[in-house]
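Next, two complexes with chain A in common: one pairs it with chain B, the other with chain C.
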Partner chain A sequence: MSVSPLALAARSPRRTLLYALPVIAVLLVLPWVADQYSTILLAYGLVMAIAALGFNLLLVYTGLLSFGHSAYFGVGAYAVAMMVKYLKVSSMELFVVGAIVASAAVSALFGFVCVRYTRIFFSILTLALSQVLWSLAFKFFWITGGTDGLRVPTPSLLGVTPGGDKIAFLARGYYYYVLVLFLACAAVMWVIVNSPFGKALQAIRDNETRASFVGVQIWRCRWVAFVVSGVFTGLAGALWVPLNGLTTPDILHWQFSGEIVFMTVLGGFRTFAGPIVGAVVFNYLKTYAVGYTVYWQLLLGVILVTLVLSLPTGIVGMVERLTERVRRRRATAS
Partner chain B sequence: MDFLLIHLLNSLLFASVLFLTAGGLSLIYGVMRIVNLAHGNLYAFGAYVTAWAIGGVLAGAPTPLLYLLLPAGAVAAALLGAALEPTLLRPFYKRAEEYQLLVTFGLLMILEDLMRLLWGPYPLSASALWENSGSVTISGNPYPNYNLVVIAIGLVAAVFLWAFVYKTKFGVVLRATSQDMRMASALGIDVNRVYVQAFTLGCFMAGLGGAMIVPRDSAVLGMGVDALVLAFIVVVIGGLGSLEGALAGALIVGVVRELGITFFAEIELAVLYLIAVLVLLARPAGLFGRP
Partner chain C sequence: MGEVNRRDFLSTLGVSVGTALSATAGAALPVVGVAHAQEKPKGNIPDTPFKIGHMTFFSGPAAVLGEPMYRGQLLASEEINAQGGLLGKRKIEVLKADENAGTDANVKELRRLKLSEKIDFFCGITSSGNTPALGPVAEELKLLTIFVDGCTDLLFDKAVPNPHYIFRVTNMQSADGVTAAVAAAQTWPKAKKIAHIHPDYSYGRNAFDHWTITFKKLMPQAENVSEGWPKLGTTDFSSHITKAIASKPDLLATSVWGGDYVAFYKQALRYGMFSKMKVASMIAFGVAPHAIGKDHPEGIIAGVHSNYHFTYPAGDRWPYNKTFVEKYNKRFNEYPNFQAEGGYTATYLLKSAIERANKLAGGWPEDDAIIAMLEGLMMAAPAGYVYIRPDNHQGYKDAVTGFSKNVAEYPFPVLDPDRIITIPIRNITAPPGWPKGEPTSTYTWIDKTWPKVKA
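And then the complex of A and B:
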């Protein structure tokens, strides 16, 4: 896989902040400007952005296409639902910790098997393993609720139990909770991909043999990347459940993994910000497509095919190319 | 003993349908190095077309005529495949595998909803054929004749395919392209044409699998996605790209499914996936795959 050096070149932290700060400011102010519905929709988008960030660590920085990330998302979500059902927990912080532990355990186990393979076999294996969890959630209905799923009530944030309107809670308190965790995740991921470990992953992706010659432990690096990726996705699953109020086996099905791949490609998986943009845009796209027609899958499928045919670098890639063109024209003009 | 015979027949029934779907998937991968995520939808398409022909258009026709209509789904799936390969897949052979998976995933979404659009959200049944075929008695229990027909079709298809791939000139061309596409092309083989033919043949097999099973079950939305995942297990066990592997994998999965339905219904699928994982750990290329 060839990756444009321009897109992946590590930008200086200062320049990254320069791009990020206005976006963060908008995200902070938004709940006071936009209506509750759009705010909650954005919260969904940010949650999916965490999952897509984790997924992208494997896809672009490690060169492994997972078609089974629904597994870790689902494990995070079901971990929360189980804590509610069996342990009567209602603190969001405990949910987050529980989901991280559960998704780390599952992704460590699955990753142990999967990272021995690359390319198509990796994709099929991750898909097959995620389907194991789906079939268990589907069949063991006395534990998981089967297709009815498990209900999750609104949690308490930082020890404060929310009172009153659930919608208002989701659009204000919970939105900020998600936003803070999202920013933390983005920062952590930024550090990871620019750390020596991140560089080692990219070296493995570009040339496995050479990487092992300079002493990179290929198998272990891939495994760690897999677990980190799984934990990010699991955390997203935990944050998603209170928004949705319900967890069903659908989020463990491999078609949900396909949606995670879709949003990453939509945003452009060769850039750091691509998956974030893609997740937020995909969430709007899907919500409106579902509301607009029963044949929303058809619509999204056509968009996906058109996208891969004509816009393989995604939204962010396209924007980058356009700004590059403008800059060059300006340079020649002056 | 007779109890065992019924289980064995049921296993073979699953295996023949699985062999056709997974064999098609494997053939396409073997020749074109593409994993078609929409393959299950072609299986479903075959099922829908046959159900529509037998259960809707010509309902009430005499049974022999209905049997003649059975391959309609396979032909329809083959035609669809022949149309899809040059238009949608051809631009992707030179690009990274990720894009190939993605474009077939988009195709999966499109086909899934096209079938909903064409035939509505309700199951489409072609049970007339299954009911009219009568049954034999095995140790006092009636066993539907139609199941035996499906097993027979599966066997005949396997033999034909073997003869086709190993005994005809087209088979030689197919295998040559699969082993070394560039060399085959240098020797004057029109690779594009071989690709269309291989893809069409693979889709024909998937469509035939769907067409055969639809009088027994019914055509429902989502059947393609389920079939794809089972076909994946078969090819992972047998080895991606190998028809012998697809046969062996289909037999193994058929037997395990039948045992699973009888003895461990809750974890049937989980057991299948675990077998696939164990095979991969022991033999990464599958039982019959080339490493």
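And then the complex of A and C:
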């Protein structure tokens, strides 16, 4: 626990950009270098990174562990699928707007109930509410398609209807679409956590009583954080559907919430970049684990246990610790 | 449509109950050659391996039903490789993928198999929740595919109404509910109160719908008195069993399958359920045969997904089956289920189509040539003749079901060899050109064209 969660948040915007620019450059060039499959897989990872960023706003900055983020992801995805089925919409921009509105509405309602509680009570409530949505999607099959789910055809991007090869579409046009939205989300989240509002959230997390003495409206701040977190996750859900081609109740199930928690722990939830790295890495990890062994559940379980026992700060935390150690050794050597 | 007598109508359906004729010892029966004699292929054939991606359940309660599918394909591939491979040159490599990872992970895995592993052919799939998800993806990937199961009508009715790259070999799901209902109507024509226990997803609802529409026609006096919908993969059926018993039915219809069915029948035994009512199942004996114990009750309609049970056709009547069962048993030390037969047959369908295409044009055939040969292909397989209908790429073979019975030869119950029920498939599925219907084409076809029998 040597890395303070505040250490990174205090970084200046210029320094953050300095770290981010090479990464952005690589992400931009990638579809021209890597094969189609790797690019599509990375698009999945970036989509999940948006969800993990939203989740982490609650976990690390507000100190609330949600075990029900599948709900907002699912609402985003089902909002898109319903727009296709009932409104015959095919524009990705309308999907994004629809998903944001729907996930904001649902997270505002669920948040209203949940943020009155903290710790385990909060976690259990979020889990229970997400399971309600899951069973609705599961049981009302004449509306939601039940376990067969709802199909979402290739959407139009910025008014352009793509023709022909779906794989080429996903690996080029759609990848960039996801990348732009991911960068926008990361920037917005960075601004949020470094704003006075973000500081207020951290104050609440560290000491609720003191924060209220300073005049922070605890309940309201938590509720707003909850809604923002839900909207990020909902947007990720909307971007995920065209990649997957259909939405099923699986993404509303609590196990999917567990995967979002896993990603964040894997990347390191004490840092801003942790959930992003975790989401991308988890996506590769699960895909290849499923592909190479029938014991993939065992493999993922062992990784999770090892992670919690030996790398509590996750991948990003470990890298930081290593670079810190190298720097210190160099300092003592010179 | 005037009213007809039930027995007359059943005879027009061609339902036959007959003995499976075990081979008479010492009888001088001609030895029928089933070795697939190979002509020399035309043109230049590359010797690069032919990669098959096979996805089925390798973990979870569905594995006792799904995993034999992989074994069937593996056996066929080994046989083909022993003869030098496809067209005598291309050895088959089978890559495994676990269907239990969930629908969304399966979509990713299918893309990985094609784009990263560069498979030539995709096969497998057990759950009917997965084919409507993977079918469109296989079409997008332009990947030649034969689904073994995942037999929901939805796939070719709605998800991919005009398939090009994808096919399916085992019988359509609607045939399952209809077969069980026809068999039950014939066996217990006086049943009035029907209870249902079906898994709570598309397969269970499909079985329920087709049973109900068939009973509406064949058994107008019967009514559904109780419905139980356990979640797929559940291990506790007690509430559903007690609910069914409490409704005092004459007959229980159930489509619980795989490891779920094993848990279900063992719990039902504890409640004495089988002595309180008759039971008709769509898929009780769909699992690998050894998964069912000798404690399983006798005399229930123990469905095999309307496809295949390894004891039928028996003996030398249909040597394809005899040799298949022997080879499978020798290789894996167990007996095949309908999925094993499906995986085996799918592989030989592919082989046959490739050889036909080669005969016409020479060299290694393009996918489109293989597809053209698969469309309308009819082939003798262990279960009997299988026909691939060209319009919907669906496999059709005569439906089979029967009654559970313990016999001395096997350490598990089998279908009573004296009372195997077979129904010509064209009499219980919608014909080509029938408009796509809701919930399925077969449903609307039965509703509109079958007469109602006299109560």
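Here is the rule we use: the second predicted complex is superposed on the first by the 326 of 334 C-alpha atoms of A that agree within 3 Å, B and C clash if a C-alpha of one lies under 4 Å from a C-alpha of the other, contacts with A are read in each partner's own complex, and residues count from 1 in each chain.
In this text, a residue touches a chain if its C-beta (ideal position, glycine included) is under 8 Å from a C-beta of that chain, and two chains touch if they have at least 3 such contacts.
What you are looking at is a predicted structure, and each value in this text was computed from that prediction instead of being measured.
Visitor: Aligned on chain A, chain B and chain C: do they clash or fit?
Guide: Taken together on chain A, chain C would clash with chain B, as the superposition shows.
Visitor: Applying the document's definition of touch, where does A:Ser229 land relative to chain B and chain C: first, second, both, or neither?
Guide: After superposing on A, A:Ser229 lies clear of both chain B and chain C.
Visitor: Touch test for A:Gln297: chain B only (first), chain C only (second), both, or neither?
Guide: Touch partners of A:Gln297: chain B and chain C.
Visitor: For A:Phe262, select first, second, both or neither according to whether it touches chain B, chain C, the two together, or no partner.
Guide: Touch status of A:Phe262: first partner only.
Visitor: When the two structures are overlaid on chain A, which partner does A:Thr144 contact: first (chain B), second (chain C), both, or neither?
Guide: It touches nothing on chain B or chain C.
Visitor: Please name the chain, chain B or chain C, that touches the greater number of residues in chain A.
Guide: B
Visitor: Looking at A:Leu125, would you say it contacts chain B, chain C, both, or neither? Reply first, second, both or neither.
Guide: Once the two structures are laid over each other on A, A:Leu125 reaches chain B alone.
Visitor: Examine A:Ser70 and indicate which partner it touches, taking first as chain B and second as chain C; both and neither are also allowed.
Guide: neither
Visitor: For A:Ile251 in the superposed arrangement: first (chain B), second (chain C), both or neither?
Guide: After superposition on chain A, A:Ile251 lies in contact with chain C alone.
Visitor: Just to be sure I read the superposition right, which of the two partners does A:Ile167 touch: chain B = first, chain C = second, or both, or neither?
Guide: A:Ile167 sits against chain C, while chain B stays out of touch.
Visitor: Any idea which of 8-16, 206-214, 224-232 or 260-268 of chain C is the one running into chain B?
Guide: Given the superposition on chain A, chain C and chain B clash at 260-268.
Visitor: Once the two structures are fitted together, what part of chain A is touched by chain B and by chain C alike?
Guide: Looking at chain A, the two contact sets intersect at 294-297.
Visitor: In the complex, go through chain B and note every residue touching chain A.
Guide: Those residues of chain B that touch chain A are 35, 37, 88, 91-92, 95-99, 101-103, 105-114, 116-117, 225, 229, 232-233, 236, 240, 265-270, 273-274, 276-277, 280-281, 284.
Visitor: Inside the complex, what are the residues of chain C that reach chain A?
Guide: 58-59, 96-98, 101-105, 107-109, 111-113, 115-116, 129, 132-133, 136-137, 140-141, 152, 154, 159, 200-202, 205, 232
Visitor: Under the definition above, what is the set of chain A residues touching chain C in their complex?
Guide: 35-37, 40-41, 44, 138, 141, 146-149, 151, 166-167, 244-246, 248, 250-251, 286-287, 290-291, 294-297
Visitor: Can you check the complex and tell me which residues of chain A touch chain B?
Guide: Those in contact with chain B are residues 1, 59, 65, 67, 113, 116-117, 119-121, 123-125, 127-129, 131-132, 135-136, 139-140, 254-255, 258, 261-262, 265, 294-298, 300-305, 308-309, 312.
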